[in-house]
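Scroll down for the structure; my scribbles are underneath it.
Each chain gets a letter, A, B, C, D, E and F, in the order it is written, and its residues are counted from 1.
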């Protein structure tokens, strides 16, 4: 049995993430989706709460033939203990997936196997694109799985993003 | 669709918890299992990490006809914001299940419906019993679901509990 | 102009505190009432929130011929920076009033004048007494100023204290 | 009896804030002034401590026919629990006043009534103006109430602001 | 070159610690002395600040033929990341020395070699003894190296310990 | 006996720092080197851990005729308590050395003597220069003491800096 770990902020979970998960599904039996910056929400860059993102990720990956765990990872703001923090919050995993150079470095220094992908930073690019379209009142639904559209509708997520994007600072 | 929320420390997840989940399963379509004191581990009272407990809870409830989410809840040590913290970490829920008077009070003051059960504090009682049997080298396996026995074996959990029980203080 | 500083947890503000404030009123023009453990609430020892205690203290001292400030002081759990923390949260003061040996020591090491009183630890004793009477359903109203009785009634404070006193641990 | 809540950083409390308070005074019996970012001080954007700001706010509003409370609110850096944090630190209030879109959103999601004003962001604009004039050695006194001029003189506030404005980063 | 790591609270550094360091000196070229609970001070159990303990440890080990580093380790209250925290605060080390079962367990789970000693818990026992003698006004000087006697005299440490021992709670 | 305190981030310790320490050595008997932002590492601006920086500083100053202490200072993000925090983590000192206006201000408000130097901000300038050369694959060794070159080689520091510099954000 092989278990993988894939971290993202999933603000929101979009087709770029989904393609990555589908690719990983061919390599592992189980996959932990680490929801980064779990303590952040209601900002332009991090509009959704950890709970909302757990729901998106769980619903969107449910139809796949893959056992998944959605695990919120709160920021500790200490890079040197970040891998231990992740390992304590997640079911034990054998391999980590990331294209973020810092994340790759931290896992490698801790002796964890990391696999990178040619889809370099598509995740980050698409997340920004989705949020800008939402804030600007343009079509964004095609960029995310249908289950994510439903969750965002339920929580009135587009209105929230528009409103907080009006704020100068992301701090209340 | 009704979603419930049931919080415990699940150190470890045992038959008392499991009976409670089975009872709740008759009332809701989906259930969030909030894993309390998620930042605590390696102590006599909290031997297992959040990740290990996620694995126990997920595997043990997988065979049930119930959609479940295992969500770690880190301690904030501020009772007054605890409900908001839980709500931000969890998919939205309609009703909370708890027999802990403080938890009941906090949810009620926040306007959340809470349901209590006649199985008063069986959870707490059985958790202590399981940990004492483990530390004392006695049989404990009958008190937890089989999936939990497996997880504890994989992580060498009994040896860990025995060793930290030797420590005067639970702090490194 | 002389400004004093008097710290307590004020759980709740009672006649022992009030007598102390009346005595201090003869020595200063203005008085800061530091509300300690401001982040704690909903426990047997700390049932009331900082906001509720601000209201008690402000209403109870309003009739006095003394300018008062009620300032919440959150715990930092680092004794060595506690005085600086207090000084940054409070309007500047000339003299501190306390009978707690640790508080006295910390202020003295920081070069702040401290005055003690013969009413040694009456504050602590009476706080415990009031809370035990509330939890036990006995008369407690005579031990606190009338304004405090009103605030506790408004927030349904006795019911809260009774309920959380039922809890084994003070942590949710 | 109606109690309002008005939050700002009050760095320093200026005529823009004061005009807002005077307008609110016509609608409520009591007003809580929440002093945001209470843990920040000695930076270009947040030069004054919470205690200094409590003094400014209390002195400047004392002559008004309005019962006020000045309550420091420390940053928790978790937007999702911010409203609960404010509610626990403040006497209970019926309506919140703010023009900050994030603050408005957070209160609305928590079910708190929020009133906005046509004086849109005058608070923020004037705060920056006052601090820039101070740092640049120009006249700023006309932009703040007289009581604030006094407090800033007592604490040698202009010299402090000039000195920290020389620093690249706001972190010691 | 072999570097060891030895952790203690050193409240204060006493002959039991010193004997341990002398034994370790025969096995390593350099030794890091980790000063645990570095953020605690002014309590009965932790009377001295990290800075005071650094001074004790450095002066007392200076005459030895051993390169030493005194490194304060603040509590993170998360056992699962404790080893990473220690490793990030300390020069890299090859072997850890401890008799505390929890510390041993944490290092072993992280793959760090740990060596234990027959002087089981003499450190803890002697620390309590020294503090009780100080608080009780009895002779304690023979239990600590001369350099430690000097440091405690300079900081008026005995008076501090006596005073905070009078306090019910160790929290200001 | 005079003891000085000199704070820097030492990312890494370079010739600009070293010239400053040599100058200070003429004025004091002992010197505490406070390692600022001790909790930060693995970012473009703060590539090295506190432990790695302790090693650099200790090795580089060992040949000097000066007793030194390398003391990590974690960020508290509260300027108002920063001096107390430093004082609790460091052996007692008589004079602080800094050219950072904020640090100077904070020490002066706390009544600590501060000495500045004509080498204004050479520390900051050279630190940036060293890190940019490392990231760009250019010669940087001449800008730091030999002992620092050795430490950075041992920990594979240049590769780490190059890799994290590739990251958009400094947060994992």
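Here is the rule we go by: contacts are C-beta pairs under 8 Å (C-beta built on N, C-alpha and C of every residue); 3 or more make two chains touch, one makes a residue touch a chain.
Everything numeric here is computed off the predicted structure, so don't read it as measured data.
For the pairs C-E and E-F, the larger set of C-beta contacts lies at E-F. Per-chain CA centroids place chain A at a distance of 45 Å from chain C. Our note on geometry: chain A versus chain B, Cα centroid distance of 25 Å, whole angstroms. We define each chain's centre as the mean of its Cα atoms; on that basis chain A and chain F are separated by 36 Å. The set of chain C residues touching two or more other chains comprises 41, 49, 78, 80, 87-88. Looking at which chains touch one another, you get A-B, A-D, A-E, A-F, B-C, B-D, B-E, C-D, C-E, C-F, D-F, E-F.
Looking at the complex, you find that chain C touches chain F at residues 76, 78, 80-81, 83-85, 87-88. Considering their complex, residues 36-37, 75, 77-80, 82, 100-106, 109, 124 of chain E touch chain B. Against chain A, in their complex, chain B makes its touches with residues 38, 41, 49-52, 54-55, 58, 69-72, 74, 87-92, 154-155. Residues 39-43, 49, 160, 163-164, 166-172 of chain E are the ones touching chain C in the complex.
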